[in-house]
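In structure tokens below, several structures.
In what follows, subunit A forms one complex with subunit B and a second complex with subunit C.
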Partner chain A sequence: MPFKRAPQVFSAAIRELTLGTGGKAIAVGGENVLPLYAFDGPLKNPPRVGIELSDRGPDLSLPELAAFYAGADSPAEQARRAAAAPGADFLSLYLESSDPTGADAPVEESVAFCLEIAAAVDLPLVIQGSGHAEKDAKLFEKAAEALQGKNALIMSAKEENYKGVSVAAVTAYGQKIAAESSVDINLAKQLNVLITQLGISGDKMAMNLGVSAAGYGFEYIASTIDRVRLAALSQNDAALQMPVVTPVAREAWGVKEAIVSEEDIPEWGPRERRGINMEVCTAAALIAAGSDAVILRHPRSVRVVADLIANIL
Partner chain B sequence: MALKGLDIFKLTPKTNCKDCGIPTCMAFAMKVAQGSIAIEVCPHMSAESLAVIGAAAAPPMRSLKIGAGGAHVLGGETVLFRHEKTFAAKTLYGVALKPETAAAALPEIMKVDYERISERMFVELLYVEYTGDRDAFLDLVQTAKDTGRALAVESHDAAAAKEAMEILKGLEPLLIGADAANYAAMDAVAKEYRVALGVSGRDLDELYDTVLELEKLGNKDLVLDVGHVSVKDAFAAAVQLRRAAVKDGDRSAGYPSFVNAGKLAPGDPELQLALASVFTLKYGSVIILEGMSYAQALPLYGLRQNIFTDPQKPMTVTPGIYPINGGGENAVCATTVDFALTYFIISGELERSGVPCNLLISDAGGYSVLTAWAAGKLSAQSLGKFFKEFAVEDKIKNRTLLIPGKVAVLKGEIEESLPGWRIVVAPNEAVSLVKYMKELEV
Partner chain C sequence: MRLLFDRIFQGADEMLALAEQALAAAVAEIGESAPVNMPNTAYFLANHSAYLKKNIRTIGDLNAAFPEVKRWHQREQRLENVFNTGFATFMAAEVIEACKYAVSADPYNGEYHGHLSDAEVRELGVPLVTGDIPGFVVIIGPAPSDEEAAELIKGYQSRAIFVFLIGGVIDQAKRMGVATGFPVRVVAVGPDIWQTAHIISFVNRAAMIFGAVTPGDREGFDHYTFHRIRAFVNAFDPVADIVAACGAGAIAMGFPVVTNDEKDMWPVPKSLIIQPASEDFIETSLEARDIRIKITKIDIPVAYSTAFEGEIVRRHDMQLDIDGSRVDCCELVTTKQPHEIEDHEITLIGPDFEEFEQGSRVCLCYVAEVAGKTMQADFEPVFERRIHDFVNRAEGVMHTGQRDNLRIRVSKDAFAAGFRARHIGEILYAAIKSDYESVVDKCAIKIYTRPEDCREIRALAQAVYEKRDERLAALTDESVDVFYDCILCQSFSPAHVCVVTPERLGLCGAVSWLDAKAANELDPNGACHKVTKERVVDEHLGIWEDVNETVKEASHGNLEQVTLYSIMVDPMTSCGCFECICGIEPLSNGVVIVHREHTGMTPLGMTFSEMASMTGGGVQTPGFMGHGKQFISSRKFMRGEGGPARIVWMPKALKEMVSAKLNAAAKELYGLEDFSALIADESVTEDVETLMEYLAEKEHPVLGMEPLM
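Moving on, here comes the complex of A and B:
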């Protein structure tokens, strides 16, 4: 007797967000089935993989990463190298130096970095701030203005700065915006509602629901995405139907397993492998939970996660 | 499928006799439906009603034990998403041994054995497959047996399977290899040695059909091999089988699953890790890889530990004194709550600072700092009690204690309850700790 299949195809769907322009433009989201359930119905778009480039440049203490970027000394050259990494659908610029509690690079410097790269590559761009709400607000306004016509994703608008950030990015300069909340379905919904009340259409938005590395409270983000996706699809909750974009790299490379040197714990082996594995494991689990796009740092991680997606769909 | 309160109510005597201790039959039925009271508490249920409820209450998915003494539990899941209810049995990870490489691989596999938040992390299963050379196969089974780990043995040849089971008698290995062609012979071996039997098929339909045949032979100790030819088909099988069992009540789909990630991505340990991560979330009961390095184990076991926790009860760290960067009696003390997430973040940042210190974790009910404070679980009294219980003053000479910035308000009270200590308010956010510790004057 054959197995009785009971596909779950929902009448509601995740919105489709387009990023970038021209031949390399991508669409994110759009599905009306549970994450990766292509056997239930066709996925409009596969999950997308982004490669992250920090304005501080790649971590050259990692031998494979250093080899990958060898000879690429300017941001533009590094960006070209990153953009050519097999599996990368978009490029995410992490403006780490702008952090006022860190290097506190002036806004003009960060914007110049973005512009240099925008001129060098044609992949869609994501602009990640330092996470400092006040500084990000200033930075995003200028970056969005400078990148007009690029259809970039500004990441992210938070409760503290969403008004200025989303109006500047979307209404004034035609970019897309990610709404960032911290691992809570109600906070996510509330922020989405607040941003749409500014007259910003839901199909110009993504959600960053928060992120934890595997082993570091990943259950909270997994269950948050599960619940958001179920509400969006089975209850047709329009305020939660934006695609989910998750910046994995920062968390994955920031936990002990990816930081401790091989001299300190020899049995753990080389740090680069641990970082890649932490990034791959976290990203794969997030995609299984329902993230429509992940941002990774290491070209090897990008390749592996892209392979996973290609194989599973 | 589970009965609703109203369905159960219809089966009660509806007399509101209160013999169960609940005012009405309706209220009783609701409690039964929630699972907070057993149906047997009512002394007046008819045998027919109990039979109906019993059949409906049986779990939609079979629960099996494998390994010596039933060391590992598989299956028994009742929900598809962890926020509904805690998943019943964590995914088990195994490593495939090959005759030619086993001698070199085994010591590496055994090295991965450590504790993380009160859970032992190790390779639970060793996997050995019969591929035609019977002597090499049986030697390897013996080698694997000698490690003391549980075994998963795959053989589509019933005679070879029987010989392996003879070696492993009483150790409750998992036997994989029943298929459409050999299921009757494999069923006989599995029954003779009382082991769980893994079933495979060319596709989901053939697999399902073979399960039905084995059920007709009275075998319900089955494990379903989701296939190793295509990742796409394996994922589709794992999800559809679990969903059919849990959501649609198809008991013949309700068995633990077996995923050979090693065969799905041969020679690519990182892709195997990616697959293992996906199948840990989506319904893999046993996952086999070609190896297990620390680089793979650290994220994967952490992920599993997270996914298989109670969604309503936070993970906690055992209260105690945790030395960071060597700690020692002259190192400064810092305190925070026992919520595992807080502990990991704080201990991680303290480690990054490179400054030796002692992290004092008191019992705060598993709450975050502010919640614990609001609930009275983190207070001057609770810290005073912790200091006595763990004899902190005998063990540590340093008399500086950092308290979380978010409970700065407690500073005065703590100074009173811990005389002789200098109480210092640390930053509000963990990210500021590295800089703060480096600049701290002790």
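Moving on, here comes the complex of A and C:
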């Protein structure tokens, strides 16, 4: 029996989100086929890869990472280095120090960090908070104000703080917003609906559906993204057609495989290698599930995942 | 007596004359080509821009636009003209202020705030849009006394309302040491009524920034200010004509004006409100503008948290025993008209806790009176059932039961910490207001502790309970226009969706049709949504096209069709948290029902958990179905297969729970007396042969019914 090609191109499509300005601006999402199904129809944009920089600086105990950032002592220097990493489409600033249960850096300090970097690089910016809803709300409002005109993605608005965060970020200061929910299609949809009811249009939004590192309950997030994508494409569910942006780095670098030292478990080999592997396989699987962008920390991971995407498509 | 029309037109004339003078003076002093720049704004003169679609850059532009401003002031006594005259007044006021800023960059020298920058618009706009600042007030006046001015300002501050001050009230605030400034949310705008132009400019810029309203789109501005900007005006006696003219503009924007000036003043419902008692301005204003204040803390002397829900107060730790089984106690939620109650009024009628001996048994009734435009009597029982959770969350307070068989124990520790009868009221007030903020505008609590009062209130409450039960009994699937779906369980059972109808409650037993209705009204984006039932396919089996579409969408394509009244044809799915499962027993052509608490065997050769594995997870398994206990006695239970007459076996405990209602249903459906006696249980048998013998001996109706398969 001859093989008959039956391309599955949907009449619905994922919205396209633009980030950044000028020559380095990128578009995320826009596809009307299943993830990576470029054989069914052209992908409007390839999955994007971002590189993450923490306001605490890179982890210099990792030799390769330390070498990559060697001599870059200021945040601006480090950001320039990160932005030049092969494969990086955007730069994600992780404002880790702002966490009130941690260093509790004042908002002005975090905003100054963002401004220093915004002045140094022209890659699109993503602003990640500590995840503390209350502090993030204050921080994002000020960061969005300071970064007016940069078309940055504020990551993220959650159920607890979505009103203030999304109105400030998008309506008042013209940035983009990611809606963060916790591995649940209905919660994701509900939050998107609530945010759009504030008068924010869907093409200014992304979704962060949650993340877990490969082997750490990854099936849940994979099936959630799957279901979100199918609802968006096959059922034309407009409330779920926002592109998915997943911050992989902080999960991948937070699991045992990326933390335990080589001295403790010599047979596992160097820690840095393990962290990169964790980051790469989580990101690859997420992209296969439907994530339109991933955020990674290690420049090697960035290059590997970017190469993978380039070679698949 | 002067007509309001005349006063407003006269006031507008005054403002326009002042504007004309200011313009002429500015032309003479700095010339037509002098720039007009409000500091730190990209919206030119926002009021001119909003209403005239003109970008004013110079004194000449302002001069050229002035005839058009004047044309907005028309004198026909029609409402529309009054509104236009109000806007003309605002634009004239803006002319006066713009001339001032054209002559001097900082005309107020820090003494008054004057113009608001775009940054301030954005900063204030965000919490206004999100509701963190519930609204703003413009206070015009001097108040009758300095003390009253300070009290009013502080009253608004304590409710997180942003305050703008115009006129003599500013000096009053200063004399009373009230701090002003943008950060403390009290802004002294300026000494004269024309400085309202800055507030209107703020509002119009907010509409352009946050509402994307385009200049010149008069309807767009009106709609945005009415629906999104929760502002209102407090104007103190005497209200001059020029203030009345500004008031007309405010009302046109949807901002009610509350005043204590009764002379030549004509009340307009919801718009121009005369409140002679100026100490009541706050409450009157908030009600007029539909502003609800968020409750952030509960004012009680003990800790309050869900962590204390399971806490038990034992006899020897007990200060008081409020025991509905022995004395008259009850709890009741009742709907009132907004004017009948005062928000947060907690009234104790009778002795307080310290007047009872330690360890004594006392009677106590409490009535929560609620009011709100979208409040419905159907929500009363929904709120009422939550009282158990609300009261239980207080540390050292135990609540069990409901309605008039409740029991509350207050521990010695809670009593020693100061817990008194009033605090039950504080808890109810705060919990009802915050959990049901979308429907409850006002809530007042009455607490009764005298036996004679309690007897009376209990009798009243019983009549209400009875009426509610009648209403519930009268609710049928046919008598309502919509059903509700419930996807609360999808976080762990993604393919499942419940369709909740008056006669078929959710399979968890926790969501009745009224609950789902209330949930939907309270949070339309939550777990429950309306399902229409207009396109019937088969009413007998319970198939509607609308229901199927909903099920398909809500299950994200996993389910195509469900019947609401059959277990053989496309039965409704289950998440896993069903109260009961019924499964067909093939030999008798009947069904066996088992509830979650029953751990023993059933005649099917399967236990509850084994049967559960057949039907959970959103899978349709004809012949097996999860459901709530209440559904067993429903007229719609298995209607497609002949109804409850199919039931051949139930655990004894379950039978006891449902027998009264089930017998009533069987009587109505089949004319059978005492039907539950025909149903076998574990004391009769757990195997199918003995079951058949029992059914034959009892002449169970199932033996005469059509085969199920």
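The definition used in the following text is that the second predicted complex is superposed on the first by the 311 of 313 C-alpha atoms of A that agree within 3 Å, B and C clash if a C-alpha of one lies under 4 Å from a C-alpha of the other, contacts with A are read in each partner's own complex, and residues count from 1 in each chain.
The rule is short, and it goes like this: a contact is a pair of C-beta atoms (placed from the backbone, for glycine too) under 8 Å apart; a residue touches a chain by one contact, two chains touch by 3 or more.
It should be emphasised that the depicted structure is a prediction, and the values quoted were computed from it without experimental measurement.
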When the two structures are laid over each other on chain A, which of subunit B and subunit C touches more residues of subunit A?
B
Just subunit B (first), just subunit C (second), both, or neither: which does A:141 touch?
second
Given the touch rule stated above, what does A:167 touch, subunit B (first), subunit C (second), both, or neither?
second
Can A:227 be said to touch subunit B (first), subunit C (second), both, or neither?
both
Going by the contact rule set out at the top, does A:186 touch subunit B (first), subunit C (second), both, or neither?
second
Now for A:235: first (subunit B), second (subunit C), both, or neither, which partner does it touch?
second
Should A:199 be classified as contacting the first partner (subunit B), the second (subunit C), both, or neither?
second
Kindly classify A:218 by the partners it touches after superposition: subunit B alone (first), subunit C alone (second), both, or neither?
first
First, second, both or neither for A:89, with subunit B first and subunit C second:
neither
Intersection of subunit A residues contacting subunit B with those contacting subunit C?
223, 227, 230
State the interface residues of subunit C toward subunit A in the complex, per the touch definition above.
119, 122, 125-127, 129-132, 209-212, 487, 490-491, 494, 525-527, 553, 556-557
Which stretch or stretches of subunit A touch subunit C in the complex?
141, 145, 163-164, 167-168, 171-173, 184-187, 190, 193-194, 197-199, 223, 227, 230-231, 234-235, 237
Touching residues (chain side subunit A, partner subunit B) in the complex
1-6, 8, 36-39, 101, 212-220, 222-223, 226-227, 230, 255-257, 259-260, 267-270, 273-274, 276-278, 280-285, 287-289, 300-301, 304-305, 307-308, 311-313
Which subunit B residues qualify as touching subunit A in the complex?
81-83, 111, 116, 204-205, 207-209, 212, 230-232, 235-236, 239-241, 243-244, 247-248, 250, 253, 264-265, 268, 270-271, 273-278, 280-282, 293-296, 298-303, 305-307, 309, 311, 340-341, 344-345, 348, 351-352, 432
